[in-house]
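Look for chain A in each of the two complexes below; its partner is chain B in the first and chain C in the second.
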Partner chain A sequence: MKRRQRRIKTKLAVIGAGLSGFSAAIFALKRGIKTTLLGHTGALAYTTGYLDLLGARRGRLLDDPWAGLAALREDEPEHPLARLGNDEIKDAFACFTAALRDMGIGYSMPGALNRMVLLPAGIRKPTLCVPDTMLAGMEAADRRAKTLILDFAGLAGFSAAEFKANFLTTWPAITVQKIQFPGMEHGQVFPEVMARALEVPSLYAELARRISPRLDGARYVGLPAILGMHAPDEVHAAMERLLGLPVFEIPTIPPAVPGIRLRELFERALPETGLELEPQLKVQRADLRPDGITLYLHGPMEDLEVESEAVILASGRFLSGGLKAGHETLSEPLLGLPLYQPGARKDWYRREYLDRRGHRINRAGVKTDTDLRPLGGDGAPVNTRLFAAGSLLAHQDWVRQRCGTGLAIATALRAVKSAQAILS
Partner chain B sequence: MMEIAPERAEPVDFLTTARDLLPEGASYEACIACGLCASGCPASGLYGMDPRRFIRMAMLGLNEELAGTPWVWTCTQCKRCAYICPMGIDVSVLVGIARGGWPRDKKPKGIMRSCEAQMRDDSTSAMGLRSADFIEIIAETVDEIREGDKRFKNLTAPIDKAGAEFVVNQNSREPAVEPEELGPLWKIFDYVGVSWSYTSKGWAAENFCMFTGDETSWKEMVKTRVEAINALGAKTWINTECGHSFYTMWKGIERFGLEADFEAGNLISFYAKWIREGRLPVNSDWNRDNLKFTVQDPCQLVRKSIGDPVADDLRFVARKLVGEGNFVDMQPCRSANYCCGGGGGFLQAGMNEQRRAYGKRKFDQIIATKAQYVLTPCHNCHSQMSDIGGYYGGKYHVVHFWTLICLSLGILGPNERKYLGPELACL
Partner chain C sequence: MSAKSSAKSRLYETEVLIIGGGVTGAGVMRDLALRGIHCLLIDRCDLNAGASGGNHGLLHSGGRYASSDTRTAAECRHESELIKKLAPECVDDCGGMFVAVEGDDPDFAARFPGFCQAAGIICEALSPQEARAREPALSEKIIAAYAIPDAAIDPFRLVSQNVEHARRLTGSVFLPHMELEAFQIADGRISSALCRDRRSGAAVRIRARQIVNAAGAWAMNIARLARCEDVNLLYSKGTLIVSNTRLGRGVINRLRPPGDGDILVPGGTVSLLGTSSVTVEDPDRIRPGVDEVDRILAEGAAMLPGLEDARFIRAFCGVRPLIRASGAATDGRKAGRGFSLFDHEDQGLENFATIAGGKLTTFRAMAEKTGDLVARRLGNTSMCKTATTPLPSGDAVRMTEPGRAARDWYRRAEPDDLILCECEMVPQSAVDEIVGHAPGAEDHMSLQAIALRSRIGKGACQGAFCAHRVTSYLYDCGIYDSDNGMRLMRDFVAERYRGVRPVLWGRQLPQMELAEIMHCAMAGLDIAPDEAEQ
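== the complex of A and B ==
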């Protein structure tokens, strides 16, 4: 049978369906650039929902990420965030959170300081922007308010007892209750399944009925992040109304709802604003030319060719296939870009996993100029139409530095601006 | 259903066998056990199994345990696990292997009976409708429409017409049990002026043999149909509104290396094309009460075959038919949509309790849209969503696209309205 052949002509092709790729699409669409996003899902669904800018430096947590960035520019000048200005980074966060709100998930705007948000293990961490459904948790913790923390029979991803135990000294007024989720009284329950069920009004009403008799004078109610998948702000508001108290969500360990929310939000809302999205396929091959770039993808029933004036590579690290580890060397599999990387395998990791200096392999990645054009072996851009953004960039350690979102969206903004400058 | 010990001297080694079937770059070893697959799978928890557990057990070489779990008949092989897995790991491939390894007499009888009926003669009909009877029913139904509506006094439903542009495979349900539902699609073809034909051999559009895990029978089904279509020299083959038969056909052609001289088309994209070209001038004027409609993306057609382009066409057609503001998407949808639980032979497997537990997620999705109607171009989706609607107390109706298209064009006959609610049936 003849395989179908499909051709797409676009201005900007973004490779990668993670935080960086989707934010690049948001920034490009806002500038009126015809954009196509290609890529199978990556690590986006694993996020807590918090948007970190810079949470840690040299093993210490940061109150002021902007001062942290100034320090970063001094001692890590090649760090992708160190090569951007504070205004540009702030712009990226402001534009990104505004877009999230427009699409349907409320977030706090970027402020002057980090905010100390709650984690499922009963600890706090610094972040810049917080989903509206999680805001009241910080307030409850700051006030050490009497708070009821709930978990659910059969839920493996969150333990209210563990949360309470770790807060015992700093927030003693926590009480915990384990309840049955309506309609899921048997076996293992997943946060994703509960969240989707709570989109049905009769179910959140029933959940509220089960919670109400257990309040016992609590001023706040905290529960794992399950308050809806596509309309979390509506479900959250309904629960606050039904319980008559501030309610907050606590992110759970993956597979968790906040990341799935973001992915499905992007997949749902961005095509409505003009994004051409191919969410199932990975780019298999690319042909770089001075006058354009062609990408080749293969679907179950068709071959797809994408002809683009510019390409942003936002394919992530090892998990999503943006980088590949061989026995001795790391590689970038799509274009074979030269990487900044440790000399030999024995240098990839330090002896201690928690070594404060981090592991060299985590700083490996694609080298670029300040326009975020990947550099070839000769130190010159590989192609004037190719740009890179996000976690595949070299000279950063986003996990230890707690700068994942900042890295993703701020470099995406820079890459889009650089690409825009060369579009016809 | 009890767990069974398959009657095999050596149980299949799932990992080794699956490795040959995986697409390039995919690898079961890449599983990091994150659980997105299990979290996103409506079959999770049935028979104490879920996709993550299945993969981890395969990694550990627990082949006998996997060979015996009845969970493989509750997995609809919808490939949602592969869609949401960062590594693209496809559990349905392992499930297909496991199904094939079950002793014939232990496999769900309903699926086996359907496959056996298909193998009985060259009609390939899962409902056992022989070709001679099919031809007779078609002729009688054509006569009834011609007599009943003078606008269609020249309507035809050709069989074995050489050189027709389209060859259409027909789901057996209509000719076997509800021939009055044949008419709307024929009227659409007539209205648009399409040159089309059925085939007398291999005319049916279903393939339960794939679901039994019996590759030889699957191939046999596809081969009979491909030869019949080749013989007519048609440019394009399409199915009636249908999900799984579309997948089993193109996938079978590819998998078994069959020579097919035609393209695989799908009816929904042709509806969309004809509407865009002005040949099918549908509108939503009939929807005076602003009834709300949602659409179910059949996994076999969207995620497993064409992807989002056909999901776009589905929505384009639906919006034109019911009015822009009256269309509400289920969430998630398109390539990320949940299987309804009617696929993979689940409807025929006799496991009603498990099937309805699986379908609860679809039911919640539908209820969350507040839609009064669900449109779907797939018979299994249609039956399953009707069943769970009744079981869980939903008030929605499930309709084919052809019904609304004909309603919109004012050509829907009085006996072609059985799936409409009273407020539309009387229009």
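== the complex of A and C ==
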């Protein structure tokens, strides 16, 4: 069969379909910029669904992320978030959560303080914005309310008993029940499959019928994140109505529903607002010129050339292929951008896994100017039309600092604004 | 045996107390049980915690020692033949090869068949073409090759089966996490061993008629607690790396005097490359290093060029306890691999013995010699039976075999039997079997203990997913009922990391990134309450 050849022209090409790539698309489309998003979805299925801004510094949890950012500007001035203003970051969260709500998934707006949300193993962590389906969990924990936590026969990796045991001293009024998911009474069940199944009204009604006799005076009901894939807020509202109680979801270990929800939401809703999405093709090569950038993509069936006025590189870290590790050096494989990196391999990782300073390799990444243009070996921007956003940026440790979403969307907004300035 | 509890301390009584849950201690336990003797085996950690768990899993034909130590070589040949016959489930009789490449000493290669003949080892010359037909991963630069009857052995299963057999024979018991702190000595006899349960902190007194010190690299420390100064050990640290896939059909040895990175041994679905040999002062707190791994890999690649691009999933190390003869060299490579039995009678003790040195392959012979002494001292006239009695297997002691849990799971075809470890296909039922019946299960089981007795955490993800799933399952079963389960999970992943760290490059590095997301972002192991207090 003959390979198909396509050529398209766009204003802004975004490489990478993760949180930073999709949010760059959202911000660009909102500004009326013709945008094309390229590449596979990366680590989106690994998110909890919580939108963190800055939850921890040096192993300490933060109540106030904005004060945390001020401190970050003092002692980590090269941190990508430290180079942005609070207003710009708040704007990014506000626009992003509003866009999510418009597309169909409700989130709380960014506030003045972090909120202590629930993790599956029965501990809490700080975050900025919370999906509506998970809000009641914080309230139940804060009030130490009598709460029924459910898990499901056949669901590996989520245990209500574990959740309860780890909250034993701070939230003793938890009862647990293991129930069978309607229609999946035997064998292994998967959150993704359960979530899709629960969009059928007769099924969530049956689930509510199974839960009701077990409430035993509980004031809240918590369960793993399975309440629908495309309309979680509707399924959640229906469960609350049927049970007559506040219901909340708890994130599960990946691949988890909250991340898949976001990915499918973006893939469904953004093309309706004008996004050109090429999720099956991977950018293999780029030709950077002063007057434009050409990207060459190869898929299993076709080749694609994208002619663009500006490019945002949001290809993620090692897990997504945005960075690569050789035996002794780290590299950025698409453009060969020079990286900030710790010295020899023995310095990449610390002796102890949970060293609260974090591993040096996590701070490796692409160096940029304040417009987020990647810098070449000479310290000058590689190309005036090239920008970078998200976790591939240097001088941050998003996992330990609990700043993944903030990093993704705030740098995406800055990159889009910088790109807009040079578009014709 | 009886176990009595008082308010402050527990008391155990037994005929023979054996210190050290490695292959030597387990072998002595079974040897004595076959003579009808009741034993108590203790370890300060768990089974295979020292060199018995930190080695190649190579059942030596003796070829490795043929050039330097004919006696050890002949002993290996004899013992490996016995083990292949009596414990076939523990052995992958894959055969082995010695190969020399360009740059290696051709004279040494030419003399190799003569060395083997002297030790009675069958050695078949192969042309480079024949060698590469058997092992396609070999370098094109081979100058000499010989086939020898090396094999691979699962040391975890071997130890479990020995302990399990002793339990069945005389009700002998293994107690993990039991640290010896002192001996009570009176009138030339050790009357009690004073121990501490490292998990509960409880004091434990053990009364035994005979005491065997089989503590491996810690045998010198134990002997000194009994005021015996006659045990002198040299600690030689050896580091190995584990590949993601099996890179060779059989054992592949470099045909030269022993050096770094010159043996590749299959371990079911993976291969193990090693070792280094570094003399260390202290057998505790050793860990594999980046430099050692690079050295092993560079040496190994001379023989097997594909190693350069192979994916390695972890490194590990062990300490060889070598007998230091007075005035001998301190080079671990040159020290003998023989073993010694100390009866300590010249140290003024009549019920204490130390068995030290030796090899995994010769563990049975070490146990026999020890068993003969102890039985004689007890007035037991039974002969050693381990050279003729097959080692029985069982459901709870075979889960370390690669692919075993997956085959059982498939055969059982029980839809509610969830897979907890997807890399190695370990289901809930395998965990149930271990928790219920594996050696040490009398005591409290943890993620660590289950991982030791199965393939959990040994696949490519190195515990990123299965640590969560097994922990959740143990909470569901009620085995964990407090936040201690999370602490045990944190200890487990921190321990796995020590082995993973030196091989983090290429394709294993994204795996580590994912693991950190799972352990920190999802489980919050870095922000768990008592972590924050440190």
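Worth pointing out:
We take it that the second predicted complex is superposed on the first by the 422 of 424 C-alpha atoms of A that agree within 3 Å, B and C clash if a C-alpha of one lies under 4 Å from a C-alpha of the other, contacts with A are read in each partner's own complex, and residues count from 1 in each chain.
In the analysis below, a contact is a pair of C-beta atoms (placed from the backbone, for glycine too) under 8 Å apart; a residue touches a chain by one contact, two chains touch by 3 or more.
What you see is a predicted model, and the numbers here were worked out from it, not measured in a lab.
Looking at the superposed arrangement, the partner reaching more residues of chain A, out of chain B and chain C, is C.
By the touch criterion defined above, A:A43 lies against chain B and chain C together after alignment on the C-alpha atoms of chain A. Shared-chain residue A:G187: touches chain B and chain C both.
When the two structures are aligned on the shared chain, A:P65 is found in touch with neither chain B nor chain C.
In the overlay built on the shared chain, the residue A:G137 is in contact with neither chain B nor chain C. Once the two complexes are laid over each other on the shared chain, residue contacts for A:P110 go to neither chain B nor chain C.
Shared-chain residue A:P224: touches no atom of chain B or chain C.
By the touch criterion defined above, A:L319 lies against chain B and chain C together after alignment on the C-alpha atoms of chain A.
Look at A:P374: by the touch rule set out above, it reaches neither chain B nor chain C. By the touch criterion stated above, A:G21 is placed in contact with neither chain B nor chain C. Residues 43, 46, 186-188, 254, 319 of chain A contact both chain B in one complex and chain C in the other.
Remark: chain C residues 289-291, 415-416, 418-420, 465, 468-469, 471-473, 475-476, 478, 480-483, 485-486, 490, 493-494, 497-498, 501, 504-506, 509-510, 512-514, 516-529, 531-532 touch chain A in the complex. On the side of chain A, the complex with chain C involves touching residues 43, 46, 48, 56, 59-61, 119-123, 125, 151, 153-154, 156-159, 161-162, 165-166, 168, 178, 186-188, 251, 253-254, 317-319, 325-328, 344-346, 348-349, 351-354, 356, 359, 361-362, 399-400, 402, 404.
Residues 25, 32, 34-36, 38-40, 44-45, 48, 50, 83-88, 250-251, 253-254, 260, 262-264, 303-309, 329, 331-336, 360-361, 364-365, 367-368 of chain B are the ones touching chain A in the complex. Residues of chain A that touch chain B in their complex: 1-2, 4, 6, 40-43, 45-46, 183, 186-188, 190-193, 196-197, 199-200, 203, 229-230, 254-255, 260, 264, 267-268, 277-282, 299-302, 319-321.
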